[in-house]
């Protein structure tokens, strides 16, 4: 890894964002119909490498079912509104209305009230049951600090995949106040695959892999009004974060004698080009958020907000309005996407990128040649 | 080629766009009247290294004739509206009207309808005949997937040059669905020079040269509302793409025992400075598009749209309005260009650049010293 | 330190601003309640590494007391309005009113009149007494050129810390007009700790450390409408300036046999992320200005202006309006920060950054891994 | 000089603009009253290193006299309006009026008409006489192509300095159409010092020095609506161009056995910071243009236009409006500069920069440490 000396005796690695990266055509092109976008994690196979983030504005039971039927995976947040309320839809509609008529501050205040109602274990069972009945893979997310309190309910509800997700998740949380979760022991005792993240470097990814996770989510912060980089100064540009995690995957594959841990790239990915670049940097799949909020039927009903609304330790993100009239299918596949759309075609663009540059599978595409743009673009 | 490590074990080449490049004056200056902008491809000689892209908004039989008379070359797209309709002008006027009054989405929908009408082989013959009668070089373009179906008509119509052009064209297209075109065998059987592209790297350019092409078109995507880089993540900044192809030209010159394959730079080139930089990076000529749509009599009649409107595999570009009151001659030569114009003087600027920096021919100018701007401009 | 050759025979070091830097998560995370933000200088201990700049728009006796009670340190400028007038508040209100109704030029002219009234030694004693009575650490600032004239009054008033601050302060001021202050001798004769700055490189910081200063302020120019970089061309991007000074601290620690000189980073720091990055680059604490002017009760009463209003040698900065409705506590800790705020959470963000990346103390956090973003962000 | 490979087998030097550069404080500061801004060229000594560009919107006999009295040097263009018309002021007023009421295109057309009137040798004598009578150094400029026709008149009028200036001037102009000027022989036959330029690299500067020039003007294009870089693609970022020329000055000093040729930096320099950076990169003085057009009494009377209006070979620049209410003295010295000014304090800022960083003379300041900002600023 290239280092520069930013001051006498102080070095820094040089990192690259996805915007700085482009995929180079190879000497082959390929029929798009011959391109496979499939991947699998443990016993679960998906036609598309698209995962919807566990955030109430993005993933409801209904939207998870819809995305699952399109070939992707929606992750329901177990600490979200769907497990706190019988019918959260009117409440979200109220938040949208407040945000538009009275301003984001009022919408935000109302959101904080809504999240003060405790999670109802019966609703966890019921919501995951809805996913199961619909025949899609059942994935449920918790923050690390709630794993102890809520994971039993998730397991009892028969989840297929457990996701432990926070702004930054490490293999080794230290606290003098409470006994911290031993992630490795916890995962070792489960018999379902676990995805953990966000992480953002070779070392954090490698340590998370060593906990026994089936996949790591790479990327700190989100596209949902989250201000992590601005308020904390913490963050690694995504092309480098993903490439680092892919390097950790290779290292761990060797040291574990063959366990392949999936790398799921997560950032504010909005176009098929963003998805293609994330895969070309080494991701097995991507987790998307804000772009899905532009769907007609998005759970956020015209608004987005990050799940760090749950936390009192981090400067919270805020409710923001979002516009969009495309269908989820249009955003995913890009068929009939409306003119002027600046986002979407997530899988359609990825397929076209792979065909254009001659690759047949995601694993091959992870080795595509890439360039970084220096100087002025 | 310099590489950087963007993550553990993952390298990327560093690439440069034309905006990052500047041409350095030499110790000589030269009388502009002594500067030659001439080049030739096979038996065809041109006074200006300017090629109009095969796109319906840019090149009609009339505009190809006009550009040919000014010293350049217009390429007619054989899958365009002029070979589908007896009189496409009123249809294009209708699209412009729809775009302005009802919005780009409606114009786009109408365009898709227009391109659903099949190509008429008789019109191919007639349109190319118009060019021939006008005494200009007759160049006709096809997408790779239509070469089999339509090239016989083009040859029968007596084209001088055949152009096989698509977003990304490779020497080796792979498909399990249909028998792919063997480009090398196809070109070997023809007895007219063929230009192929777009390509964007040393390796793709070299493999296209090995097919027997007389020239390769370097550049992926266009200036016509095409969103290839955004939606696919695919692309190489043009200064590097052209320099790479020029390197391939040198390699192929050696391995072929002296065949010189022309490199035609293609991107959203809008000024004489853009053209000069493309040549200084190694191009023999350039292919331009959007800037020509600003001419008073441009075929697009106030609108532009990319030819990937023909494709259902790629996220399509869109109709966009374009304003302009200059004549084609003003855009090409820059004489009397209206105040405030931000583009044009394509050949005039190139000639002035060569005179200012002391070069007499395009071949000499390809070796001009260049600089890249680092840090903040 | 990496150098580049900007021209034949002319080298330049490569420098980085805080915006180019990001902090990399480590393999640990930490409970925010276990994070300490404490630091000390000589006998004075502070809960937060936040120092308010000695500028009349930022620090009054009242605001210094308020910040001191929150755990930080406010530095009162001894050449400011509070030591020239019994009651400067109505005068500042008048300036704000002029600025808003008649424009910045008129406000500026009035400011210059206000600073023409001489400093009153009795008011120095009274203002510093107010701080002492409130139980906070008493810190007072002078420009280098006024040290001789005014420092005795500051010492007599019983200051805890003396601050010698100017746009650029060196260990060796040269003048043929007046006998320059020998900073080393002056500091050597005092028995209270002295902070000096601004400085902006390894060598300037090291020489200031050798004067016997307890701390050096690193950063040239401020966020208060100061135009030093623009009008003088002088300046070092802050990440490099701080890292350089931290390198000088290490060198001086060695050569002095163990004297630790504090490095106080100073620039237009506005968010917890800015503060976190400054510490991660090597700062022991930071000095902030413009962001504090957004507090409801900020001394500037809706306006900011740099203290170079005192100087006739430098192109002066100007009065500018500033908006803000947060409380000082919200800006510092970020609890209940209003929606849409683009700044603040200075200590709250720093604490969250350290917890997120697994560090318990400021000294540890100074060694956090950092990255610089290359190419396009 | 660092090179990068922009493509296979194609290298480019890396160049830096003034915006990428900052001056690093040294371990000394200095009393501004001890700073000297003086320089001399041959027998002519100037208090300020400021030269006003030979352009009609910038330099009239009156403005050259005013600048000369302030310590700088104004260069009158011998092909300008003052040598074509007895009273050009009303004509310029008409152009301004046309530009504002009818638009730049109409102003431009009128300008072209005005420059069609031939230069009157009697007026050359009279205008230079006005300068001489006022007691300022008499400097007159010609384009290279008019040296043969007009230099005799300039010499006869008793100019102190002859300036041969064009967009790009080389030591070796080649033409098959006309016998080109042999610059070396021409300069050798004169007995007054000659400044030549613009040039923009080590090699062009060195060859111009070998012609016997007393100074070279470094910089291609200007701040006056000139579009050279855009329309020609030709240009070298100014920090590198000046540093290169300073390198050539050193080389020529050696090979000539001690002839010191002055380097005059020329670009769109607008602030004291720009001037300071140009000197710190190696310039002996700077030539400024657009910023002087903001003076109350600027010859352009509210408009600027580049002198390439004289040329039919280059894409011409255009008339543009310019606003400003400062006096020339305020722009030069920065005393009492109005609030909100984004430019000016040219010498005042330079003096403050030298004092702040501890340098006493321009020659010392040419060796000041500089940094370049990498990544994001």
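Couple of notes before you dig in:
In order of appearance the chains are A, B, C and D, and numbering begins at 1 in each one.
The criterion applied here is as follows: a contact is a pair of C-beta atoms (placed from the backbone, for glycine too) under 8 Å apart; a residue touches a chain by one contact, two chains touch by 3 or more.
Since this is a predicted model, take the numbers as computed values, not measurements.
Chain A and chain C carry the same sequence, and matching their CA atoms takes a turn of 90 degrees, rounded to a multiple of 5.
Taken over every residue number at the interface, the positions common to chain C and chain D amount to under half, indicating a different-residue contact.
Once the centre of each chain is set as its mean CA position, chain C and chain D turn out to be 40 Å apart. Averaging C-alpha coordinates per chain places the centre of chain A 56 Å away from that of chain D. Annotation for chain D: residues 4, 14-16, 240, 372-374, 377 touch two or more other chains.
Remark: chain D residues 1-2, 14-16, 18, 21-34, 202, 239-248, 250, 271-277, 280-282, 334, 337-340, 342, 345, 348-349, 352-353, 355-358, 369-377 touch chain C in the complex. Per the touch definition, chain A reaches chain C in the complex via residues 4-10, 12-17, 19-20, 103-105, 108, 167-178, 180, 199-201, 203-204, 206-207, 220, 229-237, 240, 313-315, 318-319, 372-374, 377.
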